[in-house]
Amino acid sequence: MTEELHRRYIPDGQDNLYDTHKCRVLRVYKQTEMDKVFLFRFIDQEVGKNWKFKPGQFVEVSLPGIGEVPISICSSAMRIGFFQLCIRKAGRVTTKIHELKPGDIVGIRGPYGNGFPMEKFFGRNLLLVAAGLGMAPLRSVFLYAIDNRWRFGDITIINSAKYENELLFARELEAMRDIAEAENIQIIQTVTREDSPNRLKGRASEHLDKVMIDPKNSTVALCGPPRMYKSMFEKLVEMNYDPRRIFVTLERRMKCGIGKCGHCNLGNSTSWKYACIDGPVFDYYDIISTPGMLE
Amino acid sequence: MTTIKFTQPITVDHIARIEGKAGIEVQIKDKKEVEVKVNIFEGPRLFESIVIGKSVEEATAVFPRVCSFCAAAHKITGLLAAENAIGLQVSEQTAKIRELMYIGDMIESHALHLFLLALPDFLGYPDGISMGKDHPSIIKTALQLKDLGAIIQTITGSRYIHQENALMGGFGKIPTKTKLNEVVNLLRNSKDISTVALEQFVKYELWEEVSSERIHLALEPKNNIYGIIGEKIKATDGTSFNANEYRENIEERVVPHSFAKHSSYRGKRFTTGALSRITLFSSLLNDKGKELYQNYNNFINPNNPLSNNIAQAIELSYFIDRAEEITLEILDNYKEESRIKPTFKEGTGYAVTEAPRGLLAYMISVNKEGKVRKADIITPTAMFLAQKEVDLKIMTESLVKKGIDNPSEISQKLETIVRSYDPCVSCSVHVTKLGR
Amino acid sequence: MTMKTTIIPEDQKIEIKEEIKRKPTIGVYALTSCYGCQLKIATVSKIIEIADSVDIESFYMLSSASSMHKKVDIAFVEGSVSTKKDLEELLEIRKNSKTLVGVGACALQGGVQSWNHGDKNYKDLFENVYGKSKIEISEAIEAKPIEEYVKVDFRLPGCPPEEEEIIYFISTFLFGSWPEEKDYPVCQECRFAGNICLLIEKNEPCLGSITTAGCNARCISYNVPCIGCRGPVPNDVAWFDSLAKVFVEKGFTEEYIRERMKIFGSHHPKLEELLTKVFGGEKK
Amino acid sequence: MRYVKLKKEKIKEFLLALQDYGELYAPIKVSEKYFDFRKITNEQVDEVVLDYNRTLRPPRRFFFPEKEVLFTFNSKKVEMYENKEAFTSEPVVLFGVHACDIVGLRIMDSRFIDDQPDPYYRARREKGIIIGISCLPDEYCFCNVRRAEFVDSGFDLFLSEVEDGYVIRVGSVKGHKIIDATENLYVEVTKKDSDDLTAFDVKKSKMFTVSGNWDSLRYTLELNDEHPVIWMRESEKCLGCGNCTITCPTCRCYDVKDYPNLDGETGVRVRIWDSCQFREHGLVAGGHNFRPTKESRFKNRYMCKNAYCKEVTTAYCVGCGRCTYFCPAGINYKQNLIEIRGGI
């Protein structure tokens, strides 16, 4: 994972930056009623071998005739040639993606975006807070941390959703519980809108006091709907987390993913950012200089 | 009164392949007394009422929406009436371009009606598309002729349905010379297919059972050239009247089974349309038109509504020639003109033209700010509706007499007759104020 | 000390069922209208291709094999509800269709027949034309957009709609997807076309800025100011108020502005509210 | 730099000669108030206007067309085929581009070429020929405060008006080649011409209604992000019609749409200019809109246009005045900026 990845938009062997690589769906897993996880492999093995990404980056998934959508990669960055996407059925393109079956082909370009600066996280505790679909990019971070366990301190992940059956990767996290304990990894899963015997109740921010890692020397990554960020941020700072070590990922409308189409712009005239190339991961300094980011 | 229905009343809920929504209802009493109703349940759109108080320029933009098949007819007739009301005289070139646009409508409407709506009856198909599967060359011709009409209307009127480019006083933008030349070429290339429809229809006999005496009304074309625009209406009974007297001569009444009114000419039912035009004015056709008229004279029986298909087919060929003539005239005297912006004053204007389906009459009265005070429209379908019902009755009676009692056979025949009129049901339900 | 990733229980794997592909069935129906939308659909240059790629179950203008009672995947409905019979038919069409597309100004905005909506009493209008005579065939009711009675899945605007869009709609359905709605105004296409702005330069009452794009600014290309036939821009971005202010500055009267905007916008829920913002309470 | 002089009477010949280098586009008068770059055929060279105020459509459209097919595709094979048109089309020779518009094109370059080139834009732009021309400002212009009233790169040739003709500055190898091939059209530049140029500049600078530079404007704007009056008052007038962004020489937003064919298999992927003044610009799945109100969309343009464009000038706005000139609602962008700044 080097910085060099960040600016390389055109994957090898491709001269039109809007062109895609064919990827085959290998498996489809149903996560919840609205979400499915897709496992992809590049059809061109050469491309697949050289294709690397950072946690927090996204790809553009293209279905010719329907459209193209940005989707975060949710699998481990350590597996070469394969990647997973967790996709919520939200509209025209995602509905069609949900109809895909193993063996079907899609077009993929990317990876795009800055991704999380994982090397800056090394040697520190890690707190991951996901709400709803936010779990998708954070899963990638989480898996990365597990794969490189020795590079991190204590790890806590908070996964939240409205309802129990909307919790993403809940079973997977559940299945890891034993190993996690042995590895000093804390898993908190909470639902906000219903009482569930297996889960905690309430928003992620309400369970921050249960987090066992020491705020000092910790890095935090947040991903969820924009409206959760502000209160979360304030609460974390209150709890002595270093604001400069809090990262958020943002969602905006995107058409190109590479800073051309202009839709994902945010901020105001002194801090004019494109979520696709300057983000989607933003840090403290971006947040304080770019109004509207936490809204 | 006992009604003996000989299996059930024959009803066609919704006659397909016509413009608008209508049905036929036939009651047969005592195996001979026949009552036929053409039920028009196309909802009323009240054009004459809704434009009251509105700016007349906007009203003329709305009038084509009476009917898509003859949108250009409504547009131009409305414009003429509105201009007459304020005494606005358009340039000769404007009048010519309008006539061209109108003829485009005529070509398109006739082509659609003949090939896609009427012909499937004769060839035994439910629709033009399935007919086209077996007769690809016919459908190709149909589309080519329809396109021809559509293109003429598009270059003159901006599109072939609801031509916004035609305005009071002229056009927003007149067609360029290049466009007009293209049209001339298209017209020339269409000549060899202009009689395909005619050749198809003359393969079939007219059903004599449906013949009966009738009065035809048609507009005497200006300059003695068979056409669309004129001032005087002639009838086959030898009478005639001026366009601005149409309200005294054509009367409308409401009937309970129809949102379209029934009209009469001086108390008598009458008909109008291509057959009427050709009956009254065949001598004003061009040479080729006259020749076709002579050659197929056997098929033109003024008293048989099915002849209307033949008359339309001859007209289709004629109007292609006529369109070329007019386009060349426009090109010869081509002037870059912009429209005359209307200045408003109080007045009432009349206009009657020959729409594809027959006489179309407009009266518009405006106040000094150019707001509509009163409007009145009589459409061809409303004019011939009463006659059509009679034809259907006669047909049914003679079929019954022959012992034919299969409802689907009867209704199939009746529908064919209805279609031969090329009725425009949407048009017909916008009708006039009562002669109160 | 690494761990293997991607732990996903097998039971979450999805079963795959092969779908049988068939052509979508479509129906084209009309309520009360000028039949222009149907005519437009019937005369698009690719009608033969369309007829090959879908099964046309009903198309009243074209086929005598049409019926309201057949089940279809996609129903295209033009026309406003103007009689009780229209309403019955509409409900029947809705019942028998999986997807219902409202087509044209009549179906979507009530059409020009709604010009007086909210101003004049329908009964008076009706009697003005038909007198007190009774028409038994069906009861006439004030023209309304179909959306007042049934759910409309997609809107194909225009008076009549544009060929390009008809093909786009059908093609997206053939791809198993659905069409995107345009919610930007005619002005966009007007600039694309390189037209001059009639509103700015000629002070013409152009409604382009509040009218749904899709016609490539057809009228303005002919120097004719837009009358708004594609209906107000959806999703509450038709700014009647801002445009009315511009018109007032150009010297148009309140009455004229309101009436022009109402030709195709009389049923717009925000029209009166926004105009009231400009002209104040009582409408003249 | 190399300088030659073109006498007024040779302009026509010069324009005719330019036709050898590609499709010639130049400003012509399209209505009482408007000019537009239109294709110039041999018969139309007389219609070319040399002293126009601003064109209706910005020059970027020749390199980044309003609507452009990016790919044709086959959905069954999931394959996309690059549209070759941009690579094979005739070069565009754009005559009569004002300095501000040349800066505008360079701003476009900074996003479409400098950082990961857009192949379509680059192909058109690299073969295109830009011929600039000097101009005098009207009350809508404020290119001076945007540092865009003068350019010394980004053109192949630049015509600066002198008393009896134009002094042509050569700005590229392509420019040299054009001059070499048409050598007989030119005369030597004299001292008088040089003096004329200075006089022209002096005259021009006096005609501007604003002065200094507005480099600090973006800070002022940021400080007035919550301005109590101006955003609401001005956005209330806005029609949301997008004229300001479409006519802008530096707007780059585009939407991508797939248009399938009736065969259920093939189709085209098209990009179309978008505008942040349209509702959908900030809309994401699930219905959340990051710019939900007209006010927020209105403000977005001011912020975007005044953001720092470090690669080229100091802001994305070049002060051409189009967004005011072509706003049907009569919203005065320049005046509003002055109001926010609290002074010129």
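For reference, chains read A, B, C and D in written order, and residue numbers begin at 1 within each chain.
We adopt the following convention: contacts are C-beta pairs under 8 Å (C-beta built on N, C-alpha and C of every residue); 3 or more make two chains touch, one makes a residue touch a chain.
Computed from a predicted model, the values in this text were never measured in an experiment.
Set side by side, A-C and A-D show the greater C-beta contact count at A-D. The chain closest to the protein's centre is C, with centres computed as averages of CA atoms.
Averaging C-alpha coordinates per chain and comparing to chain D, the farthest chain turns out to be B. Centre-to-centre separation between chain B and chain D, using Cα means, comes to 52 Å. Centroid to centroid, with C-alpha atoms defining each point, chain A and chain D lie 38 Å apart. Note: centroid distance chain A to chain B, computed from Cα atoms, is 66 Å.
Those residues of chain D in touch with two or more other chains are numbered 75, 257, 260, 267, 280. Under the contact definition stated at the top, not a single residue of chain B touches 2 or more other chains.
Looking at chain C, residues 175, 177, 180 sit in touch with two or more other chains. Chain pairs that touch one another: A-C, A-D, B-C, C-D.
Those residues of chain D lying in contact with chain C across their complex are 30-34, 36, 38, 56-57, 66-67, 75, 236-243, 246-247, 257, 259-264, 267, 273, 275, 278-280, 294, 326, 328-330.
Remark: chain C residues 46, 49-50, 53, 167-168, 170-172, 174-175, 177, 180, 183-185, 187-188, 191-192, 194, 196-197, 199-201, 208-210, 233, 235, 237, 239, 241-243, 245-246, 249 touch chain D in the complex. Chain C contributes residues 1-3, 5-9, 12-14, 16, 175-178, 180 to its touches with chain A in the complex.
For chain A in complex with chain C, the touching residues are 27-31, 36-37, 65-66, 75-76, 78-79, 84, 92, 95-96, 99, 101-102, 143, 146-150, 171-172, 175-176, 179, 183. Residue ranges on chain B touching chain C, taken from their complex, read 14-21, 39-52, 54-55, 58, 61-62, 64-69, 71, 112, 116-117, 120, 126-130, 132, 139, 143, 146-147, 150, 158-159, 161-162, 164-165, 167, 171-173, 254-259, 261, 415, 426, 431-434, 436.
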